Structures are given as C-alpha cells and as structure tokens.
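These notes open a run of structures that come right after.
The following pair of complexes shares a single chain, subunit A, combined with subunit B in the former and subunit C in the latter.
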Partner chain A sequence: MSNDNVKERVKKVISEVLKMNIDEIGDDANFIFDLGADSAQSLELIAGFEEEFDIEMDEDKALEIQSVSDAADFISTYL
Partner chain B sequence: MSPKSHLREHMEKIFYPESVAVVGATKVPGTVPHDIIHNILKADFQGIVYPVSPKEKFIAGAKCYKYIVDIDDPIDLAIIVFPSSVADMALEQCGNKGVKSVIIISAGFREVGGKGIEKEQKILEIADKYDINFIGPNCLGVINTDPKSMLNASFARKMPEEGTIGFLSQSGALCTAVLDYAQAKHIGFSKFISFGNKADINEIDLLRYLKDDPKTKVILMYLEEVSKGRELMDVAREIIKDTGKPILAIKSGRTDEGASAAASHTGSLAGSDLVTDAAFKQAGIIRCNNIEEMFNKAIAMAYQPMPKSNNIAIITNAGGPGVLTTDAAIHEGLELAKFSDQTTAVFKKYLPKTANIKNPVDVIGDARADRYKVALSQALKDVNVDGAFVILTPQSMTDIDTIATEIVNVAEQYDKPLYASFMGEADVASGIDILQRNKIPHYSLPESMCKSFATAYKFENHKLNEIDRTELYNDVDKESARKIIDDAIKKGKKILPENEADRVLETYGIPVPERKLVTSAEEAAKVAVDIGFPVVLKIMSEDITHKFDVKGVVIDLHTEKETKDAYESIMHHVTKFRPDAKIDGILVEKMVPKGQEVILGIKRDPAFGPFIMYGLGGIFVEVFKDVSFRVAPIDKNVASEIIEETKSSKMLHGTRGIEPADVDALQNTLIRLGQLAVDCPQIKELDINPLIVLEKGKGCFVADANIML
Partner chain C sequence: MCYRNLTQEEIQQLQKNQCWSKNWSGIKVKDGFNPARLYNVELYGEVKLGIFDHELSINGVMKDTCIKNSSISNCIIGDNVYINRVADLSNYVVGNASILENIGSIHVTERNSFGNGIEIEVLNEGGGRELPIFEELNAQIAYMLVNYQHDHSFINNLKEMIKKLVKEKKSEIGRIGKQVCIQQVKRIENVNIGDFARIIATDILCNGTIVSNIESHAEVINARMLKNFILQEGSRVENDAQVENCFIGQCVTIGKQYSAENSAFFANSECFHGEACSLLAGPYTVTHHKSSLLIAGLFSFYNAGSGTNQSNHMYKLGPLHQGILERGCKTGSFSYLLWPSRVGAFSAVMGKHYSHFDVSDFPFSYIEEQDGESMLTPAMNLITVGTLRDSQKWPRRDKRKGTVIRDLINFDLFSPFVISKILRAQEKLETLYENANKKVEVLNMEGIKIKRLLLRTAKKYYKIPINIFLGEQLIRYIEKNELRDKADFYKIAFNSKMSVHEKWVDMIGMFAPFREIENLIKAVNHGDLKDLDSITSELENIHQHYDQFSWQWTVNLLEKQLGKSASQFDNEDMKYIIEEWKNDQIKLNNMILRDADKEFDENATKAYGIDGDDEIRQKDFESVRGTKNSNSFIKGLLENSRKTEEKAERMQAFFL
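For the complex of A and B:
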C-alpha cells in the first residue's frame, strides 16, 4: 500500500473522529495544535487507526504520533 | 534560561495586561482551558480576551482565532493551556506574534521526568529566542485583584477578595485550598501567583516584583524546594530593609520522606531542612509550619499597625480565658502593661466594683458593648499599652455583634494593634464575621493570638538581618590556607592530614595547640621540653586515618622519658599493625587543658552554600543532637545566637560546679570558621571535635580537626 493511500485513510479516520471536513486536514497538521483534538479524541484516533488498518499498535508509541504524516509513517511499519 | 533583561516590563504585562489570549481554549466544561477563559470573563477583567482554538468559532460569546498569529491586535499576555506535547508550538507562535509575557498552565514537563525535562528545555530555548518571560509550566495561574486589572488567569474556583497579601506558591493545588480557606475568613489578596516548575520566572523574581507592588503589604510563600538559597536570602533582606514588608513562608519537606515527595512533585531536589530553617531566620523570613499558622500571623501584620513594644492589655468578660491568654502571652515573651493612674481611675469609675481593673481587665460576664468600649478605648489610650487583646465568651446577655462593631470602631481610632478572640463557634459566628470583614485579626484560640502578636513584635523590632561585615577578621591569611589545600588536592588527597588541617585553621586565627612534627625519640623529648609538658604524641601518616586503632596516639606525657618511651611505643605498634603505611613522623603537641567540649563544623548545602554547625561536644552530641546551624559568614550577633540556641549553652555560662567558659573566644572562633567556609570552597566538610573552651578569659583550643576536600 502506498504512503499516499495510507495518508488518505488516516485523514478519513481523523475527519470522522474530529468531525471535520477531510479537505481541512493538511499532511503536516498537528492533531492537537492544528485540528483541536482533545485527550479523549487522541485516544479515539488511535482506536480508529487500528480499526481502519486492522492492526494493533504499541500504545505508548502511538500516543506520540502528532500529525497525519507521522501517523502514516508509523502505520506503514505495521502493514 | 531565557533572558531577564526586560523581566520587569514583561511581569507588569502578566499582572496588568490590556489584552489576553488564551491559547488552546475549548468549550468543554470541566476542563482547564474552559475554566480559565470563564474565570477571566467572570472576574470583570479590564482588558480584552481573545480565545485561540483550532476548532471553535466562538467561546462564551467571544470570537475564536485558530492561531494567535491570526489576531490583528497586539497581545500583552498569552496563557497557554494546550497539553505539553504542543506547548512548544504554541510558544513559538507567541514569539512570532511578538508576545513577551506568557503563563504556561500545562503540566507534563520537568515534574514528570524523562521527556518532560526535554520539553521544558525546549520551551526555555524558545523563550530565549523571542525574549519571552513566562510563569510555569505546571501551575494554576495568576490572579490580580487590583480593580485596575481584575485578572483571574487561573483555574481556581473563585476570585479572592481584594487585600494586601501577596501569595506565591510552588504548588497549584495548595493555592485552591488557600483560596477556599481565605474566602471563609474574608482574607483578601493583592496578587495570587502559582509558579509551578518556575522554569523561567521564579520565586526570587516574583518577590522582587511584590517588593515594589504598592498593593502588597505582606508576602506569603509556599515553597517545595529552594534552588538559589543565597539569592533568596539577599532578596528577602532587601525587601525587609527597603520596604518593611514581612515575608512568611512554608517550606515543605521538613522530613526526609516529605523532601522526597517534594522532589517527585516538582522535579526538584529539596535541601537540608535545618539549613533552610537557619537561612530563613538569618534573612528575616518568618517560617511557618502550616497554612493556618501562616495566615494567623499574616493577618496580624496585614490588618493592624505593627506593635511598638510587647506591652499589651487584655480585656475579657471571663476570668478563665483571661488567665489562659495571660499564660499564653507570657509564654510568647509578651508583657502585661501596667496601666497609668488615669486609666485605673477611668476603670474604677466606669466598670462595676466586681470587675478586675488590673491587667487582664475583666469586665465581668454581663458586660455589654458599652463596657467593652470604655475598657478598650481607655486601654489603647494609655501610653503604657502598645496593643490590646479582646476576649469574649458568649453569655446570655452578651450582645456579640454590637461588641464586634464597637471593637471595629475603637480600632479605627488608635494606631495600635488590636486583636480579638471570640471563643466558641455557633453563637459567636456572626460577631467573628463582623471582625473579619473589618480587618480585625480574629483567633479561635488565645494562644494563636499571642503567638501572632509576638511574631509581629519580633519582626518589627529585629528587621535588620544583615551581616555586620565590619566584625569579620582582616588578619586571616586566605592565600596561605588556599595554598595548603590546593597542594593537597594536587596530590590527590581527599582528607587533609591533621598537621596540615591545623595549619589551615591557624591561618584563620583559630587556636590550635603548639606542636611540631619529629622523626626521632630524642627530638620528640626536646620538642616536648620546648613547648612545655604535658604533651600528646600522634602518628602522622596519610595511610592511617584511625590513629587510635593502631595505638598511634599517647596522651598526657609529663617527662622527657615518658615522651621518648611513647615515641618508641607508637613506632612499634604502628609498624606492627600497618607495616605498609608510609610514616611522615610523630606529632608532638601541647596537651590542651580540660575545659568544656563543643563541636564546630563546616558543611555545604546545594542551595545555601557553606554553613556552620555548632553543638555540644563529647559523647552527648549523638544522644541529644543539641546542634544549631547558620549560613556563613556570620557576625558576632549570629555567633551568639548559634550558641544560645542550643540547650547546652547554659553550661557555657556556668552552672553548679562548672566555671563560666570563654564564650567570647568561642564566638570569635565561629566567626573565623565562617570566613574560612566562604573563602575556601575546596573544603567540602570540616569538623572540629572537640574544641576545648577554657574558663572565661583563657581562650579555646582545637583538640582535633578533620578537613575533607
């Protein structure tokens, strides 16, 4: 699966969890600083990524993910 | 560390901003960002608030901005409430926006260790880059009750009343408890500051700010660790000297367990508590054990004039409480004023025949407000009285609220301190409320009232805590002492040999017995004759630390023969027990006559630097731990304090069968030791155990000394 494809699916999850338009989500957007995710939503995002990609991520490392690009790179290591 | 060249200007904007941006605001109730923005709006803030939120359009009717840089208007103060993971991004944008004053509320920095330390370092670097000064991180925020500002930039539950107490706290949660406590007693604040990890702006900066704050009359502080002890002492002395503002402090971590808890709480290392105690005392900081004690003392000094003397009058409507108060007053070093003839005449005329018109004045159980008014007014009018305590017990005819109002009226007419104790709970509650609202210090217990008065009196009369440097000795030979020490360090020595330690002490005029190193029995006997019997012989070898263990010491030698024999005996035993030891020779030393044994020492504290230890010597030191401490250098006054503070000081002044000792010589030695501690930072630790203090006029001598490098 290409990185771009992963990014698009990451954005899809983000738009669902944060209830925002997918077009508003830039590749480098920080979940908290740019998109306004709160702590509960950060956990929901991780759960959303795991479900979308059918993977189980290391929770500590997953919580360090802050942007779309970071998430795509990290998820790719599981695919 | 961020620069502090514009600190004053930046701090002014923290307390008196015209525009505030809350960076990371949300609409979610029950969250810190939500409560901060609502607190600012509720408190009638005199400036403009700009919520900055990545996803909200409006919060509490105010338009939100996605980023702080999107705001067109200048921003005086930014409050960062984002999580620590993005606090650096928020601070970077503050820098780009030109904001110079910031409060970082977010937690998750140094206090959590690991990556938190890196995050704190990162925000410091950003602050440095943009010349930003900030309070926090990991704090509750800042409150300014000045009507010119009315800023509640905190997530405390309430805005306190306006007052003259400035409060600084390293713990945010404690602040909320303090605010609740204060509200119940109508205690107001000028500034209320939670400074958390004090990564940039610390307690010293805040103390300096409060020094010049015209709204602050008394400063209170809660500290979990002191990192710059000397600076803290200097600024405290400066505040007390220049403004007369008292500083009261709670420094937690008194126990080892408490210190360890404090370390994990704020990510700091707590210093030795006994040194903190001593340093606060030297700097004039009034150390308190708990919040109640601190506020008891603070309201006395914030609400009422400072006592000019310790002569007080007690007015009571009950004999028992009058006696209790008298006991407490005497225990605290106060004195019952002797009333003038005129006062006595007025009391005779207006008080019932059964009233006690001497101090404590008992206006009798059926006293109503008029009787209290007469007694109190006349007592305060009396030139022999410099303060008054009003005691009230609620009896069926006692008009509590009227009496409280009368106390308030009388207090306004005299420039003398007036405190009250309405004893009880339910019936006296409304009277207490009147007193508290009108700034009459009220105490549930007479003991607390007397203690608070005594604290105010002592503070007012002992304001000058600076060391008198003219009392330091000019005849000390710093260069020679340093040379002996540096030579030893170059040779890799960790402990100075005894004869070198003695030489160091000698360079500072600390009396050591006459002595000489010899290498033969004949030479030993000759030296003994020269310096005079009796003498002591001691083995000198860098390889031998415990001389007694190898029979390397012989004392009380009175003849040449005894000296020669002792020399041979020592050499025999030492070569037998330690054949590997390199022997420098044997020290022949004049034996110090009998006297009182005390111990003196130098140690170093990470926060306060070199300090002096003093205590009772001999075997009792371990049992009684009768020791006291002071930060070096010290002058005559402090040297006297350090001695008198110990229980054993009475022995030095002479007691049954013991002649008074040469306390002057002891004081001089303590002063000289303090100078040595400051001048030679290479000395890690020094112990003189014992110092023999001879009878008055005969001096003192070091019997044994160790210097660790």
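For the complex of A and C:
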C-alpha cells in the first residue's frame, strides 16, 4: 500500500472521529493544535487507525503520533 | 488530690480582692493556694481551686496565673490556670495551665454525652443511614454503619455497643483538658475539650467533643458555629466555617466560610468555601472552591473542582437518592451529577450529567458530557499525569501524627479491589465489542454511552495495570518476606490462595477481601466481638494482613493469566511476569510523560510573556514553570523507569 493511500485512509478516520471535512485535513496538520483533538479523541483516533488498518499499535508509541504524516509513517511500519 | 477548706485569713483576703461567695465553706483549695491570685471573682456552689505560683504566656506576654473578673460555679480548677473575664464558667473540670479569657459563657447545662451518640443523616439526606458519631469513630466503622443497613442484626449490635460507650461518657461535668487555650468565645455549652486544644474568636460551640492531645492539637479558630459535633485530633475548624451535626476526623481542615451539616469527614480532608450536606467523606476528600455543593455522596481521595454540584432528588418523593464516587475521583469545574450514580475509582467527571449510570467497574475513566449526553472513555485517566501525581502525594500529605491513628488507609494505586474491577471491565468491553454492529458509532451501556471504537483499545490499555499489579505483587512478596533465593520462594509462595472471583471492598481507605469483613460481621452477630475496641482491633488485623490477602488473590490471578495451576509455575513464568511488569511500567511512565509534554507545549505558554514576542513568551514560561527537563515529576518518572529496569534485572536474576 502506498504512503499516499495510507494518508488518505488516515484522513478518512480523522474526518470521522473529529467530525470534519476530509478536505480540511492537511498532511502536516497536528491533531491537537490544528485539528483541535482532545485527549480522549486522541485515543479514539488510535482506535480508529487500528480498526481501519486492522493492526494493533504499541500503546506507548501510538501516542507519539501527532500528525497525518506521523500516522501514515507509523502505520506503514505495521503493514 | 487533697483539698482543704479556706482559712479565715484566706477568706478575708479574697473578700478584700472583691471576691464573693454565698457559702465560703463550699470553696476548697489545695495546700499552697494563694488568695492574692484571685481578684473580682464570684464563686458559686462547690468550687475546688489549685495552686497559682507560675506564669503563663498570654498572647506572648508572661503573666501571673490567676483568676480574675470571672464567675465560677461548681468547678474543679487545676493548677496555674489563667482565667480572666469569663462571665460564666459552670460545671467543668479545668486542667492545669489552661487559659480561659474573654468568654461569655462556658457551661454544662445537664447530664449529657458531649456530642457522642448523636445520629447524623449521612449519604441519604432523607435518613435511613443514620451514623451515630463518637470520639473513637473511624472511617471503616462509619462505612459499615452507613452502608450495611441491610444487616439489621449487625447494625443493631453495633449501635448497642455505641450506646454503651456513650452511656459511659455521660456526665453533668464537662472537661477542659490541660494547657487548653480558649479566648474570645461567646458561648460554649456542653462541650468536652481535650488537652492542648485551642479555641479562639469563635461564636458558639454547642454539644460536642474536641479530641486533642499533646501530639496532635485540635483547633477552632475564628469559626462561626459548631453544633452537635465530634472533632478529632489535629483537626481545625476555622475562618467563619459553620458545622452542624458533623463528625470531623483526624487532621481535617474545614475553613474559609465552609458550611457543613449532617456530614462525616475523615482523615486529611480539606473543605473550604463550599457546602456539604449528608456526606460520607472518606479520607482525603478535598473541596477548595466556592459554589461547590457536595450532597448525599460517598467519597474518598476525592477532589472537587470549582462549582461542582450534585442533586440528590428529582422532585418526586423528596431527597432519597445518593451517589458514590469511588476513591481517587475528580470532578471538573462546574461539573454536575444527578444522583443516583456510581463512578469507578480514579475517574474524572467533566460536564453535566443527567442520566443515572453505574460505571464502578470502569476505573481510570473519563466521563464527559458530549452534546448533552454522558460519554465514558475507559482507561483514559490511567495515562494522565494527574492520577499518578495524586497517588504519590496522598501518603506524603498524611498529617496524622502521634500514637493514635484512627482511619485505616491503604495508598496502593493498583490493588485487588481496582484490578478485579478492571478484569470485569475487560469482560464487558469484550462482550460489547463482539455484539456491536460495526456501523454503530456509539453504544449504550449501564446508563452511559461509549464509543464503539474505544472498546478494543480500552481493553488493551487495561492490560497495563494488570501486568504492573502482578509484577508489583510478586516483587513485594519476595521483598517483604526477605526471601533469599528461589527455593525459599517456591517453598512458601503458593501454599495458599484465594479465588480471583472473590470480592474486595474499599471501605473508604482500607482495602479488604469482603470475606474478611463478612467474618467480622458474623463475629459481631454471634457475640464473639463484643465491643467497639475489639471490632477496631479486628479491622486493624485485617488491614495489617493486606499484603498476605493481596498475594493470595494474586496467585489465582496468575493462574488465570498463565493458564496453569500454581503448582506448575516455574522460573520462566516468574521471569515472564517480571518482564511484563517492567515493560508495562515503563510503557505507562512513557505514556504519562507524553501527557506531561502537554504541560510544556505551545498551548501551555499562551498566556505568558505578556508584552513580548515568542522568544520572551518561552523565556517567561520557563522562568515561571521551569523546563520539562527540570520538572521534578518528570525527573521522578524517568528515575522510576531507570529503577524499574534495575529491579527487573535483579528479580530476573533471582529466578535464574
């Protein structure tokens, strides 16, 4: 799966969890500062990525993910 | 103590000093009595006077001990007291070296129990859970009295014991202990006052006991009113507080206009500004802010944010509802809970909640209001800075000192009580996940909503405390038993066990296997435990055996986790437990560190550097808050991770 493809699916999850238009989500958008995610939503995003990609991410490392690009890169290591 | 009649010379000297008695033969004195130290004193009935040959420091000025400008009826006055401008002192024994000054009236009106035995309507404002208060009450006995009303025999037995104790405390004569200081008080009526207590500038104290001693002084300073109360060692009621029908346990502070009625507060609680009604406030209940109304709730290790509010009725049959926040909960600013509801340990409640939920099986949760509905995020509060910081600070903030420590408190963050709930939470999350329609975003569960996406993640996060608990228990067992090698360990470690299904209770501070409490109740009902002292001793005994009970429970949990019986455990199993403990402890530390990062990110600096640019803003922030690397909590976490690695290595070697 290409990195672009992963990014698109990451954005899809973000748009569903944070209830925002997918077009508003930039590649480098920070979940907290740019997209306004709170702590519980950060957890929800991780859960969403896990379900979307059918993976189980390391709990500790998953919390390091701050942006769409971070997420795509990190998730790619599981695919 | 030998007293004698006054001599004629002494009576003449007293009269010369403007002293008066209708019947001087009722006035007895000790040998060495100095009549020159009484001036303008009216003496009524039988009064015994001690010796006055010392000085006392009165507000920093050394003054001769004496009695002046006062009226005294039927009292025994100790040696070297300083009594000045007390309009009416009646029916009291006053201890040595006490100071009584500028008091309107301090008297005992009739034979009474000084607040002991008063029943206060805690937890349920409408009554039905009345708690009889008395000087020796502790959190655990209160917990049983309030919560085990279903066992009529037990409650009746317990109340009979209390009645007996109260009867022994009844007297027509009150006691003011030694080295007590009472100044600027309008009225004290039917109040026993222990040694070294201080009561200053307070309007009214009525019907109560202040338990105080040399090790732990109790104080009432600038309070408005205390009525029907027990105040234990080391506690303070101050600064316009009003207390009515309340029990105030050891080292509790109530002040800054706080108003409390029908409530019991246990060790180290702190209540300022707000209002309490019908609380069973276990140890470390803290409410500091204005507009916080805590009502009809059971708490411990609780922190109420500003404007916290709770309702105990729905305007139907009156105030019959009650709520429970298990230990370590926090309620955010302007949060609201409509009772009845029950919240799991170490959870954070934010927003306003109008549904009735029971999420006691989901410790470490966030309970938030989203679009007017209550939403549960299980395990979220596990990975926040606050929970760990709180658990570290409670033992450090235990102000109790001296030989009498009443409430039994266990500070473990991960205990069989909490872990057994986590195990149930995992089962519930799994069942919900399996049955959930993948297209459904939000599920209903026990009166609250939960996001479907979080079910699997929360279950995974809950594995972390289980692994940490298992490792902690294993290491604690080895260390506490001072086991030298694995042969010693296998010889004794798995000899007894307790089913993992066995229920544990948190008796506002004290963890116990419920079986042990049931046995205690049976012993009371069978007449084997006949008085409160023996019940307290039995509770202390259970508390002291916590590590043993906890280990027994852990053994069965290990069997479940490892899928084999304890007799089959080997070194590899133990090393695996230690490895999992190490990994998850460090993982949890790292997750908390990520939460701590937020305390130093750009959002955190937003209100800093008032007139400067970004550089000034950062510098201002760092000069006030410090840097991440210099923060003591963060350094402590990193140190803990390092020590965890070291300890894991040592423990792995133990099982080589």
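Throughout what follows, the second predicted complex is superposed on the first by the 79 of 79 C-alpha atoms of A that agree within 3 Å, B and C clash if a C-alpha of one lies under 4 Å from a C-alpha of the other, contacts with A are read in each partner's own complex, and residues count from 1 in each chain.
Quick note on the criterion: a residue touches a chain if its C-beta (ideal position, glycine included) is under 8 Å from a C-beta of that chain, and two chains touch if they have at least 3 such contacts.
Worth saying up front: this structure is predicted, and the values here are computed from it rather than measured.
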Worksheet item: A:Glu59 contacts which: subunit B (first), subunit C (second), both, neither?
Response: second
Worksheet item: Is A:Gly36 touching the first partner subunit B, the second partner subunit C, both, or neither of them?
Response: first
Worksheet item: Is A:Ser15 in contact with subunit B, with subunit C, with both, or with neither (first, second, both, neither)?
Response: neither
Item to complete: Applying the touch criterion given at the start, work out whether A:Glu44 contacts subunit B, subunit C, both or neither, answering first, second, both or neither.
Response: second
Worksheet item: Which partner, subunit B or subunit C, touches the larger number of subunit A residues?
Response: C
Item to complete: Have a look at where A:Ser76 lands relative to subunit B and subunit C in the superposition and call it first, second, both or neither.
Response: neither
Worksheet item: In the superposed arrangement, what residues of subunit A touch both subunit B and subunit C?
Response: 32-33, 39
Worksheet entry | Interfacial residue positions of subunit A with respect to subunit B in the complex | 18, 20, 30, 32-36, 38-39, 66
Worksheet, complete the sentence: The subunit A residues in contact with subunit C across the complex are 17, 32-33, 39-40, 43-44, 46-48, 50-51, 56, 58-60, 63-64
Fill in: Interface residues, subunit C side, partner subunit A - complex
366, 368, 377, 380, 383-384, 451, 453-454, 456-457, 460-461, 464, 587, 590-591, 594-595, 598, 601-603
Worksheet item: Residues of subunit B touching subunit A in their complex?
Response: 26, 28, 31, 53-56, 82-83, 85-86, 89-90
